[in-house]
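Order as written gives the chain letters A, B, C and D; numbering starts at 1 within each chain.
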Amino acid sequence: MDYQEIIDRIYREVQPLTAQGKVADYIPALSSVDRNNLGISVHHIKGEKYGVGQVNIPFSIQSISKVFSFTLAYEAVGEAIWERLGKEPSGTAFNSLVQIEYEHGIPRNPFINAGALVVADIILSNYRYPWREFLDFVRNISNDDTINSNEEVARSEKETGHRNAALAHLMYGFKNIKNPVEEVLDFYFMQCAIEMCAESLSRSFLFLANHGVVPYSGEALLSLSQAKRLNALMLMAGLYNESGDFAYKVGLPGKSGVGGGIVAVFPKNLSICVWSPAINEYGNSVAGIEALKRFTSYTEMSVF
Amino acid sequence: MDYQEIIDRIYREVQPLTAQGKVADYIPALSSVDRNNLGISVHHIKGEKYGVGQVNIPFSIQSISKVFSFTLAYEAVGEAIWERLGKEPSGTAFNSLVQIEYEHGIPRNPFINAGALVVADIILSNYRYPWREFLDFVRNISNDDTINSNEEVARSEKETGHRNAALAHLMYGFKNIKNPVEEVLDFYFMQCAIEMCAESLSRSFLFLANHGVVPYSGEALLSLSQAKRLNALMLMAGLYNESGDFAYKVGLPGKSGVGGGIVAVFPKNLSICVWSPAINEYGNSVAGIEALKRFTSYTEMSVF
Amino acid sequence: MDYQEIIDRIYREVQPLTAQGKVADYIPALSSVDRNNLGISVHHIKGEKYGVGQVNIPFSIQSISKVFSFTLAYEAVGEAIWERLGKEPSGTAFNSLVQIEYEHGIPRNPFINAGALVVADIILSNYRYPWREFLDFVRNISNDDTINSNEEVARSEKETGHRNAALAHLMYGFKNIKNPVEEVLDFYFMQCAIEMCAESLSRSFLFLANHGVVPYSGEALLSLSQAKRLNALMLMAGLYNESGDFAYKVGLPGKSGVGGGIVAVFPKNLSICVWSPAINEYGNSVAGIEALKRFTSYTEMSVF
Amino acid sequence: MDYQEIIDRIYREVQPLTAQGKVADYIPALSSVDRNNLGISVHHIKGEKYGVGQVNIPFSIQSISKVFSFTLAYEAVGEAIWERLGKEPSGTAFNSLVQIEYEHGIPRNPFINAGALVVADIILSNYRYPWREFLDFVRNISNDDTINSNEEVARSEKETGHRNAALAHLMYGFKNIKNPVEEVLDFYFMQCAIEMCAESLSRSFLFLANHGVVPYSGEALLSLSQAKRLNALMLMAGLYNESGDFAYKVGLPGKSGVGGGIVAVFPKNLSICVWSPAINEYGNSVAGIEALKRFTSYTEMSVF
């Protein structure tokens, strides 16, 4: 299959969609991103890479970082992680407090905000230099030493992130956050503020397409079974309240962020990242979703 | 791969689990089923079939029938079906009224009870002889003319099904049920009371493993894309509130019923039905879930 | 105090408000009522009566009937009634199903629809000729033998009352409705369709201003303590989701209906009924609320 | 009426109830209070006072302080206070986050925790020396200069008060808390930690029985209409989720705290405070509720 030709075609076809939707504007640093950006990067587990458009411009990965933090926490505590997290889809607004109350402080899954806060708390408890080790982990799996978090973005997020603060305090009360709330929030906002380009993001997800093993280094981050399970989690809950629709139309495990990035994997084959900053009402990139839908349609690469 | 050997092994391994859980007892006709039953049936799209245990004893398929009724309704109205149904996971109790109120009469997906009632309503509106055509459809895709609905079970279900009556009345008020509530309930309870054996159930799901085409007849029930989408829906919402856990541990699209049956498909390969009457707190067969978990573990046949 | 002068003044002052709000239009028989109607009727426990405007035109009393049915059921079973009903304010939409699910079939209080359905069920179980005895009771306490229910209204209500049907089925499932759902609904809709004029309504509430005793007949319907308690219930929950605001601004126990009637009592003194068909978003008469607010303001007759 | 005789009798009758219920134990400083304490204090607006038992031992007034803070905020901003607060009963758990989310940051009423946090925020914005002026206000209306807040209690409350922190952060996000969350919480916990004896508490509520005017000083804190409205609010929502039951059984506006105090007023007559530390599942003093029920029963002093 000629991947380059396919993504070139998709690039042309979805470019008009970059005019639709709205760039995230709850903090200044995000709202100033140029909505005309569009990049598609594909990495095959055998080593080839393909790209078109703005694949080397770093952008704010936001919720995509939840896959990285979950992986790191899962490595540390294994299946015990499920004592503090559910693995069911959320069914409600992605940052709702309601569910936390009804389910006594246990978030539905690691990809809603509440779940990611618990994951951050687990990292704080299980790593000696949590932030350093987290950043190294992300740089390592993406093979990109230039990656950093944007501290201004992290600060802005914290200033507007009162709902996340409410979630953290509530779960602290339920004893499902154990480190000081401030520290958990600081880690979480730093993690979301990581900036990566589409090419590095695509590369960083290769281990999920390759049964837990980083293909170019041979490093096993997760077992075969764990990697499959993480893919299942992404399929259930990776695109906020549009996860069902994404599974229906695209049919691949994926994770999105309000910075306009979406990464998806086709197990045993490849990972793909699309970046286009304008997002829909669910927080997902308009052009990104359409690009991935066309990709699985043209390549018949759905898991179903 | 020697499927017969694998399912024989699983049969031996999970048999002790038939002593766990509880046979559904909300109606007499279900509670009298012998909990020692255990049957596993596999059909490959190329024609081979494998079986072990009680694969020829008919049992009440209950919610598994929702896949059949959805397929028939989807054939009739196509993507317009989504004007009356969501395709997101439910996130709450499988027969809850709360969500219907908050979302103005639109059920979250076709596999919760509310969704299946809307599907029944669509069949009533789009087929001249709804029940006859539905039953013929089920007999046809399973290649089993002996299949029938148990009227005593249907009657008992109706007598205890006040929550379904409440759902139907509520959606009628929201104009998302258009036929008389009594008729919709009658159809729905008859549909759930269909009795099939594991072998016929396994065979009936082959079209979902074969991209919409019934392999032994060549009949195309759904397009490639529609079949994939139905698989995605099952993965998101096929096992009540345990769907996420099933996707996580088993990794296949599947559908369960409180009669103790679970059917799953591995796309482009095979379908498998396990039947063991005792169910867990979520309404899913205890031995059935474990059998399928082992099947995908031994065969590495997860979609992820 | 010159009550006639006071209500004449209020009549003039609030008449412009009859142009605000909207006449209930969910059934034809209600929507055809002339919105220009305005009537105020006061009865003192010592026997005097005062009236202005359309106080002798019968109108649909709707939810005001819940006070009558509760009184009859309370007479029959006493404090045991609280095994099947709460006495707390509802806090949510007046006909919501959510609360019934979370509180296992027990309605919050007798004045929400679910509560009134349970009350109807209690009457059906405790009176030999439920409808006959209920109608006689209403005629008796209002000293008006011409009172009847409008069967066309009852029929229309039933045809549109799917939410009430849903509530009844749900509570039947929780075993808090014991008679056939159809019978409970029929009784309930007949009860709501009773037509009375403002003067008769005002007179009928006198026993609540007179500690349980009908003043002109001396008949004790309730004990002193029971009458006070019923007043407390009305203050907490008599005006749907506007009950708190009514207590705040008017300060009297009262009960409203979507037909535009509101009846209130000032204990040890008088009862007052205002009728003006146009209602606000909460289902309460716009002019009626303002008239009562002015009444307690001019007379300083609030219970607080 | 011989009030002293009546409260002496009640004191004897309810003393056995001090053995029921449970002293609040979520912070050490509260759990160490002797459950055998029982005090009843009555003040008539004409100047007489009556007392029996431990009426001069200061205890933690907790939520009773919400009446004081609301009065101070209401004095400052008048009816504009309702732009930021509802006046309907809550209908759910007294510190639930659910309602705040669904109603966009507006608490149901000033007596649930969320409402009291908004009230604290209003005081912080409208008084130059908020804490000093609040404390002076409480001392002034109770004519007791010895009153203080227990800083150890306030500190302990803050350490365990994660749900209140969650509420405050959430409302800050909805822009219904405008001062820094930390300052609002500090004020709130200091306010709840005020310690007063039953006699001072009873005296401090006299202005609510006297139409807004402190009887012994003649100072008008609120207008007649405002005082009535505050009484209405207390009746609707003064005893957490037991408010309806209290209105039903006692029939007076009142406010309780988890320290075991309850204060009630009979308008135009008197105020009464009962203190007994052991509380029921709703957070209200077991002996206190029974004492007040008997008081209105023996004196027929219900507002209904």
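The criterion applied here is as follows: a residue touches a chain if its C-beta (ideal position, glycine included) is under 8 Å from a C-beta of that chain, and two chains touch if they have at least 3 such contacts.
Just so you know, these numbers come straight off a predicted model, no measurement behind them.
Shared contact partners of subunit A and subunit D do not exist in this assembly. Comparing the CA-atom centres of all chains against that of subunit C, the greatest distance is found for A. Note on chain placement: the centre of subunit B and the centre of subunit C lie 48 Å apart, centres being C-alpha means. Separating the centre of subunit C from that of subunit D, both taken as means of CA atoms, is a distance of 32 Å. Note: centroid distance subunit A to subunit C, computed from Cα atoms, is 56 Å. Taken residue by residue, subunit B touches two or more other chains at no position, since every residue touches fewer. All chain pairs that touch, listed by label, are A-B, A-D, B-C, C-D.
Contacts from subunit A toward subunit B in the complex involve residues 86-92, 99, 108-109, 224-225, 227-229, 231-233, 235-237, 241-245, 247-249, 251, 253, 267, 297, 300, 302-304.
Note for the complex: subunit D touches subunit A at residues 96-98, 101, 160, 162-163, 165-167, 169-170, 172-173, 181.
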